[in-house]
């Protein structure tokens, strides 16, 4: 993986309907529905609270201190995409700001996930263009070395294939392989179906110990109550 | 300390009245009133700004990636408690979310302090359930290895005994030994009593150099003014 | 540099008009206008979102766990200053709180930039006194060892001379040498002048690839499009 | 990827001859020969200096605080393998010590690469069993939750497929896709071929500026020499 | 805990014989024998490889940037002690160097464990005076603010009572409560007794899967072997 | 400061004799002799233990992921220099390896101090070419963007002017302004002169408390001895 100097124009995007169904469940539920895999590292934080989106990944591999490929990526964005950018080395420079956000939005992007830095966060917040990043930095970047667009890459510890479904909210970012998007949406829905009932019971004072029948396994594991 | 597989049911909680008087003073003032001890490390951050609480500690010792003992702890919560959770190893997983918060609140908990990760932060914020944590992460946990409840433990660098008073706000978290809660409240009140006057004088342009009579000791220490 | 035990009373401040023109451009634009130099490290974060200020630097060199020199610095503040504080060693203690903020404001300070910790952030937020810091911590400090005021120092990786222009916003903090303030304001204005047009074109769907004429250099660099 | 509870028994290993030719080139050269891709993050450090190995990857996905799957992995080791272990969450526990090293060596393993902690480093050093890890920690682990063996995984930021060639030395760890091992060995050999000559010329005082013909491009880029 | 300005002269040290029996087992084994508790955080590293010691804790609580209390502590050292120092705030200054080491050794100290910085490491290495620390730094400290000696404290996440047994080696540092030292030594001996046999069997190629009878519980947990 | 695209050919180097006298004192003593200023941050670590050097600074400002200016710097090296390199943004790439070391040594360089990454550390160790760096990484760099040579810069938190004296050993790196080198050497010599006597007294069991006459000030500060 990680071929440099490549732009893949045609990628297989996760089915739109399934992708759109994922956002309301949120990252924690989708991650559980997937069998607890696909999460990016928790250092990826939103630039403002409250955004909750899903979309299909256009991937960008950047070089440290160089945002040239984000401009190349803009052309590959289709309506409903989320740009997912990684860098060949840890780097906190501000690779992305309000001009690129304007361009990405005009192309149909719903947000950006970048394992590096971002700037103009006040304007981005006013625009309502959500970004999940490793850092905020005003440090500018050059445009001189090639990376790639729409190659598989590792972003914040998670493998992302172009076209994969991405879900992001205040808890972080999760990747759903394109072929599993529909199944993940179903599993998330099933999972959430009985959460309302559980929540009501817990709110009434029922203990998880009883609701989840944990007392017996705890005792078997050797838990001792003392006074 | 740190015995594993133990739940202590009866603990001596700091006196409620004293504990309740602590919250309005805030963490910095209580910490000063205590002689500058008992603070957790500054990496403990609130999931949303503005919460300011005090309560009595129910302590939970967790294993990495395993939140079983939080369910065990729920049963031990009494009205006015704050759950204080530590882990036997550094771990940023999301040990706590909105279902546990619903249960904790139903049991009377005022908040959670956890030296690990938390998830569902958007819902927790909407619920107004305050959490101070080391990380936010959607990563789920298992329920298979015993820790303990209501044992003394070290949370974010501070020793916490079950029943201790806890104060938490935007500045962090401070631990007040149960037997010192009343005295700490008094000392905090005394400290704050003359802050109003100080603030007014400083606001009028009086210098701390003069108000605190620092000029002479500064000169003795060798401070030189040059032009 | 870094002479200890010195307070310089007379410093040459950047020209006020130029300094005041810098704030609206924001840190990223000023940093670009300066030729991409002078930024502090991205770990410097505002205690609340949205503040955007410029001012002239009163510098303070602190000792770890000791905020004595902040009191000394208060006397040197003139209307329109920003206090810039560094520490002789990494230290996250809460060197600054609401009383010092009251005093600094009364002396005319517009904000604080400190490569260390700050406390009372809730009150500071209510006061609207902006602070950029490395950490938030309720940990108190002593007053027993001399540092210096208005000496050149390194704050978060950037060299600051007393009197330099400082610009700070949600993206971070940038230092403009006093003699360059007017020129930086001009360059920032020139830079921003054609941003509106660029933004409009990008918003209409024009690609940066075409607007910035990147296609030819990308091809020359060897970029390959594949299907 | 990241299916849990799976052990893949038959994997396609990189060709042994090619793999064995890689070690002497070292990580930096192989990484260059690969087009500068495939490196693990630089926080992966050897437990002792001087080891330089290559081998084929047996991959292990661990759960935090749980080393069960390392025991499962032992059975899948073939002569010439390097075990590559990642964890579903950041965790510094000591997953591996001298007993597992004894077992791994008996099965033919040449070393371990683990994005987590290791212990018994003094004995491992005496045994000459090389390990690259994120941490050293005596903290023990449990054996209760399933991970997987020989699934694709991300280790320290690099994608590893079971059977890939791994090269590790004091500079870090690089992953070579199984199908590219022979080609990488050739490219590394070609690269090293003219290093001897370059080194001799540089040692004689010839400047890289002249040897690499950099003066003209530097001038074109605008470099100015001043006195 | 953490009373400031106190020196406790008489402490109850763990029984010498038991303490001396602990060193040869090493940290990992003692930690296991204790039920996996009492470890300091893994960021505590030895300044040179190969030291393996045990001793009784003389505790020192330091203020940031101030090593006064280490001089006070020297007087409290008895033959066989290990000095364990923590700081009221994170601080990497070089609190300890070769002169203090000379003094500590003359008083009978076997080493130092310090959750802060140390300097003169080359000379300390030549002297064979082992130190486990968070950092190495030449930064000097002042002598102006009181801490305490022989109070309970938290060092690198572990609670230490004066007189506790300390074991330190290349894997880190573990604390054994004074009253448990003899029992821990026995448990460690028992644990090590059958390690030789295990090692031999593993070296002969026997799998842990069989030796520890893991196949059945793995199958019950749902592990699937695929080809 | 930090002008880009500049090479200053003529710099005023600290006087050679004074510079050469500094190395044997080591970093901690020189830093003390200077009044405790000029130290680089403690994350700067030697690639191998035991090197102790002094020299005059040739400074290099690098761009992230780009080592072009190290080649430019080679030409500016004179016998007895130490190259001091900083980067416009945090970056751990391997900017320097054995070929550059061969060239630097041929030009007379005594070592490298780089606030970034280095590679080929095994060969550098065999060559005995000492490097102090923030990281070790095999990651290669490009040669496409200008930085500067022999401009003032901030390296690991310390201001360095071209020509300044640099001292580096296992404790870290300290910068001595060129004009102060002779004075610093004298002060270091004076400081060391009475260290031998102090060491002998401490070794004989005399306490620092008595030797430094600390008992009275400690009592005045309020220290209490309890039993």
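We just call them A, B, C, D, E and F in the order they show up, numbering each chain from 1.
What we mean here is this: a residue touches a chain if its C-beta (ideal position, glycine included) is under 8 Å from a C-beta of that chain, and two chains touch if they have at least 3 such contacts.
The structure presented is a predicted model; accordingly, all values stated were derived computationally and were not measured.
S.K.: What is the set of chains touching both subunit B and subunit C?
M.R.: A, E
S.K.: Indicate the lowest number of steps between subunit A and subunit E, counting one step per move to a touching chain.
M.R.: 2
S.K.: Specify the angle of rotation obtained when superposing subunit B on subunit E by their C-alpha atoms, rounded to a multiple of 5 degrees.
M.R.: To bring subunit B onto subunit E, one rotates by 180 degrees.
S.K.: Based only on mean CA positions, could you tell me how far subunit B sits from subunit F in angstrom?
M.R.: 41
S.K.: How big is the gap, in whole Å, between where the Cα atoms of subunit A centre and where those of subunit B centre?
M.R.: Spacing between the chain centres: roughly 31 Å.
S.K.: Taking each chain's centre as the mean of its CA atoms, how far is subunit C from subunit F in angstrom?
M.R.: Once rounded, the distance between the two centres reads 28 Å.
S.K.: Please set out, as single numbers or ranges, the residues of subunit B touching at least two other chains.
M.R.: Answer for subunit B, listing residues that touch two or more other chains: 36, 88, 90, 92, 137, 139, 144-145.
S.K.: Draw the chains as points, connect those that touch, then say whether the picture is a line, ring, star, complete or other.
M.R.: Other.
S.K.: For each chain, which other chains does it touch, given as pairs?
M.R.: A-B, A-C, A-D, A-F, B-C, B-D, B-E, C-E, C-F, D-E, D-F, E-F
S.K.: For the complex, which residues does subunit D have touching subunit F?
M.R.: 26-28, 31-32, 36, 39, 42, 45, 49-50, 52, 169-172, 174, 195, 198-199, 202-209, 212, 214, 218, 221-227
S.K.: Quick check on the complex: what are the subunit C residues that touch subunit B?
M.R.: Its residues touching subunit B are 5-10, 48, 68, 71-72, 74-75, 92, 94, 97-100, 102-103, 105-107, 117, 119-122, 125, 135-140, 143-146.
S.K.: Write out the stretch or stretches of subunit F touching subunit A in their complex.
M.R.: Listed in rising order, the residues of subunit F that touch subunit A are 63-66, 88-93, 137, 139, 142, 144-145.
S.K.: Under the stated contact criterion, what part of subunit E meets subunit B in this complex?
M.R.: Subunit E reaches subunit B through residues 1-4, 35-38, 41, 88, 90, 152, 154, 157-159, 177.
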